[in-house]
Amino acid sequence: MSGSSIGQIFKISTFGESHGKGIGVVIEGCPSGLEIDESFINSELARRRPGQSKITTQRKEVDKGTIYAGVFEGTSTGAPIMIFIENQDQRSKDYNHLKTTFRPSHSDFVYQEKYGIRDYKGGGRSSARETAARVAAGAIAKIILNQYKIVIRAFVSSVGLCSLSAEDKIDVTLIEQNIMRCPNRTKAKEMIEYLEKIKQQGNTTGGIIHCEILNTPIGLGAPVFDRLNADLAKAMMSINAAKGFQIGSGFEGTKMLGSAHNDLFYVENEKVKTKTNFSGGIQGGISNGMPIYFDVAFKPVSTIMQTQESINQKKESIDLIAKGRHDPCVVPRAVPIVEAMAALTIVDHLLRQRTTKNRPVL
Amino acid sequence: MSGSSIGQIFKISTFGESHGKGIGVVIEGCPSGLEIDESFINSELARRRPGQSKITTQRKEVDKGTIYAGVFEGTSTGAPIMIFIENQDQRSKDYNHLKTTFRPSHSDFVYQEKYGIRDYKGGGRSSARETAARVAAGAIAKIILNQYKIVIRAFVSSVGLCSLSAEDKIDVTLIEQNIMRCPNRTKAKEMIEYLEKIKQQGNTTGGIIHCEILNTPIGLGAPVFDRLNADLAKAMMSINAAKGFQIGSGFEGTKMLGSAHNDLFYVENEKVKTKTNFSGGIQGGISNGMPIYFDVAFKPVSTIMQTQESINQKKESIDLIAKGRHDPCVVPRAVPIVEAMAALTIVDHLLRQRTTKNRPVL
Amino acid sequence: MSGSSIGQIFKISTFGESHGKGIGVVIEGCPSGLEIDESFINSELARRRPGQSKITTQRKEVDKGTIYAGVFEGTSTGAPIMIFIENQDQRSKDYNHLKTTFRPSHSDFVYQEKYGIRDYKGGGRSSARETAARVAAGAIAKIILNQYKIVIRAFVSSVGLCSLSAEDKIDVTLIEQNIMRCPNRTKAKEMIEYLEKIKQQGNTTGGIIHCEILNTPIGLGAPVFDRLNADLAKAMMSINAAKGFQIGSGFEGTKMLGSAHNDLFYVENEKVKTKTNFSGGIQGGISNGMPIYFDVAFKPVSTIMQTQESINQKKESIDLIAKGRHDPCVVPRAVPIVEAMAALTIVDHLLRQRTTKNRPVL
Amino acid sequence: MSGSSIGQIFKISTFGESHGKGIGVVIEGCPSGLEIDESFINSELARRRPGQSKITTQRKEVDKGTIYAGVFEGTSTGAPIMIFIENQDQRSKDYNHLKTTFRPSHSDFVYQEKYGIRDYKGGGRSSARETAARVAAGAIAKIILNQYKIVIRAFVSSVGLCSLSAEDKIDVTLIEQNIMRCPNRTKAKEMIEYLEKIKQQGNTTGGIIHCEILNTPIGLGAPVFDRLNADLAKAMMSINAAKGFQIGSGFEGTKMLGSAHNDLFYVENEKVKTKTNFSGGIQGGISNGMPIYFDVAFKPVSTIMQTQESINQKKESIDLIAKGRHDPCVVPRAVPIVEAMAALTIVDHLLRQRTTKNRPVL
């Protein structure tokens, strides 16, 4: 009930703080018989870890995930899987000045009010470091999706004022080849330069991540509340700094006419498809077999290297001078987090789907 | 697990089909001792019901909610509350032509694939009629919120190409005074004319609803997955035809700099406030006492009064000729649904909040 | 959270009060494609209903269940199924003397303390009438179990001081042929005479129900907390008046030696069996394919036709004179309730089982 | 969904295997502001650990619990608490002969069937070692209960054929003063001698644990399914080797007359009490303020030091020769486990209770 769990069948619970012993995740409901390779978990964690490039924070976190439970001789047993990521580069002294200070647009104030106590070191539980646990769990989910040939890929489509436009060619093979994780070489370069400039000013900005899920079987998602789009929305909006979610035609689609927006069905090689895909692969909350795609908006990073007005716990005005090493924009490192949350959501619905039809045998 | 429940403490389960006996809702976890007036439920239902104006469907549904359980002599007992809304104006014959037909951008196809059967009459379970049950439950939630002076109000901010702009004055007292539920008289008139024109063409469009939640106490929402914004996102994206959700600065905020986007704290009359509110009243997933506000995007209504290509269950191409009485745009009638889902989400988190701090007495 | 739901995938929520409009149940997660016959629901309800014989209460409740949702042309659609049982023979005036009185060993006192209000008419929500909703849901569960050839049968093994002994022959075909639901003719007669005598004295007694589940597949139940025996225990102990549960060798088995108690494996026709079955068909919380069997103890009915000391809401001593029509012992009518709760538990675990193994296709 | 979680608000998830890296527990929903002392967790773990006396297994497990998350400078923060207990004395080679063997009345066979794989080392996930994680979580629960002055104490009332009788004096201060955890010195001695004799024969037996919960506030538990007695039943029956549960008058009470069994109310010092307590402190599923008491039956330990017939994974008959170090009876070490499960159940209902009444302020 503390809000640290998600999923109904493939259920994850994360724990840990930014400057405690480490962070981890317990995965309940992972099917047995799955070959699980710790090195794949770690390659996913490497995509999220700090210090990976000049446009991310320079904090070095090794982020090595270790499986503590649920895997026997390389295979999942059906028991809860626990993955732990030890904290290492913890310069806790960097945070002592924040002990009684509320940073603007951070969660310091609301945690203090809600709980009457807070772990002020590096944000404690509210730190984005918690998302490493999600990426580790997402790696397990991706191993399952791989069996279904379901592919999840996210990329950066916008950073501050610099966006991919309709004319920009998309080449998904480029995503992991540039530090921006943008699928267009020219635009990637532009975004990187833009972000470096902002960083030099001690400032930050926001951005948008686009995500696609390919080869999803028809039928995932439930009517009414547990629509696949609603569960994806919750999963994405649960990521630190997320401020918006849209699927298919999204906000722009509100301007269209029904006659243009309706996705007309046709049949190709016995498969039902739609001529357009404004639905974004989900209709009535249920996947229709077309590609699922959505966007997630991330606000500018709250920690800026500029002096800001704020207040302290005694409600006195103070000047806040930032310290530490921070990202100028979350989106390059948020790409694997978006993918992980998508993978977790899809796997949970895949497993739920096994229970929906009457079948006389197990 | 069929996806028809939402909430953890204040939990609702809806049931029923568009052309069955009726639709209803069971509310578990409503506190005892609450004075519940059936007439308030019905006034909320009247705001959602079809046939209320020239810009909504002309289907007449009386939508009278009756309390079947959980209320004793006008007061909640702590037992599950069941509210039932009988179906009345069911022209089931209108739907016989849809028995084996998949309407574009409807859920006919995915239901058939997922379940191997579907109630084709008026969409069955997938009909937006299900949302009446949510509005009924939302009325109970609003009675609780009223005790906390928490106010929820939504309005239409955009219909197709016609939107409220930054210059348009907002007068919330106007919302229920025009059939568009737009808080600006001139713009409301414009939107209505725009929609009538689209309707005459047998076409439809989408729109955006803006919602505000005022006087929320500090501390609602949980870190990590059950962030208040994430739960609001799921609640909103679970409404039929919703395609996007943004909170606070949303998608536009991604373009800002951190130095401009950060909401600086100050103290006024002992209360902590922020100078700006780009956070939309929620930081780190937890309400900070500032107004919560968000937008929900709705796609164009899928049922258009024009002939469309489609396919039938045998995967043959067909021409689909629409029948029945439908809305040209969902947003005017979706306003009370957005409010209901917001109320349900806030009440659930209010009750959860009672469990988060250590207190030596019950 | 009000405690009126049970099950994880096949989940039921009951609602309604003894003297309100009626009682009902919403079943979420029932697979689609199931042929559902309302008459089977009603034959199950008839086994539980009051007034069925001279050893049960003489209140006449027709208890006709009507399907309100989730079944389309006789087949489940995967949508929530709602079954409603209207209240009819409600002599509410019989209960006016209980408005401010706490009956001994009833829930009047604790409901008043917990909720600050109670529906005093016929026990309101605490009435055993609520179990009719469970029997209705259990009928749907039995339809599913029937496909797997899983058989659930319960019978009365003890009433007050009159018990089946090891020497008594058991003939399960006799269960529904006598009003005691005892599988031995002589003992049934004895129990009936015993109960009539107690009834004439205005007194009541308790009893034990034995239940068997045959043909359960191997693998149902989960390790650790959701053991099949633990979930059966909860299901049984949730029945009004239940005070004890034992499975397999139960309390008597504590006296045995391990060398005698261990169930030795052997193979017969390729099937693994055990020579004895002190485990009661469940090992490590998981069904092993042998018959599951357990006992449920029910206390004496609290409403006796004798004057009793008690207190009222002002905490004053009073003399309580019972009115109304009540059972001298719950066990004959509790047999179908035990079966229903067993069926619901097994079906829920059957559906969960579909999600536990890694399988590359849906 | 893998069954390793229990609780709704105070929710625990255990993980880990007998011979893996260790076992642990994540506690979600622990209120903030609680002073938590690791040494109390460890004193509870010491009561459960193997090797504590001549009548328990001689395996030495240090069982030191370490808090990994959720506690900041000695105080709970409201974040998930993770406690980990490293495995140390793992003689994995002791188990190699069990790789393809199914031990009688163990879970080897059902795990293999259910999951298609099993960690055969020391029982893996099915090992009673998992209960150490419950005891650690139970220690946190006891810290909360201590604030309410709620006392939970369990003791051994029966071992094999040697039981406390009605005449035996109970002195609860003796419980922790003898290795049997029996509150009567003479009987304790008798039980110990009895058990030593059985142990010398390489045999095992069962036993019964009695548990009392004192000073419980009125109102804990929910009507219908989540009755306090039903949740206690599930909690107890989820303990390895538990075969029976009874509360209050239990199985014996079925033989009584209602006139004798009814607990008559009276008032003493403004407090409502009952003259007898056959209800066991719970009526209608809700605590009535009287002492709660119940019994849990444990079967004989399955691992005996005698050669037994069994089968292997190829379904061939084999002779099984036991190795390793095992308990002759589980009950002395199960006392703290019963207490832990009781504490977890009560705390969960204490927190739920905060949400049941309408109250205008948080």
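Per-chain residue numbering starts at 1, and chain names A, B, C and D are given in the order in which the chains are listed.
Note that contacts are C-beta pairs under 8 Å (C-beta built on N, C-alpha and C of every residue); 3 or more make two chains touch, one makes a residue touch a chain.
For clarity, every value in this text was computed on a predicted model and none was experimentally measured.
Looking across A-C, A-B or A-D, the pair that copies the C-D interface, with over half of its contact pairs the same by residue number, is A-B. By count of C-beta pairs in contact, A-B exceeds the other of the chain pairs A-B and B-D. If each chain is reduced to the centroid of its CA atoms, chain B and chain D end up 46 Å from each other. Remark: chain B and chain C have CA centroids separated by 39 Å (rounded to whole angstrom).
Note: centroid distance chain A to chain B, computed from Cα atoms, is 26 Å. For chain A, the set of residues touching two or more other chains reads 1-5, 8-9, 14, 29, 32-33, 78-79, 114-116, 125, 219, 223, 351-353, 355-357. If you check the complex, the residues on chain C that touch chain D are 1-6, 8, 14, 102, 104-107, 109-111, 113-116, 125-126, 130, 158, 160-161, 198, 203-208, 218-219, 221-227, 229-238, 240, 242-251, 253-267, 270, 272, 274, 278-280, 283-288, 295, 297-304, 306, 308-311, 315, 317, 352-353, 355-357.
Residues 1-5, 8-11, 13-17, 20-24, 26, 28-30, 32-33, 68-70, 72, 75, 77-82, 84, 114-119, 124-125, 351 of chain D touch chain A in their complex. By the touch rule above, chain A contacts chain C in their complex via residues 9, 29, 31-34, 76, 78-79, 144, 147-148, 217, 219, 223, 350-362.
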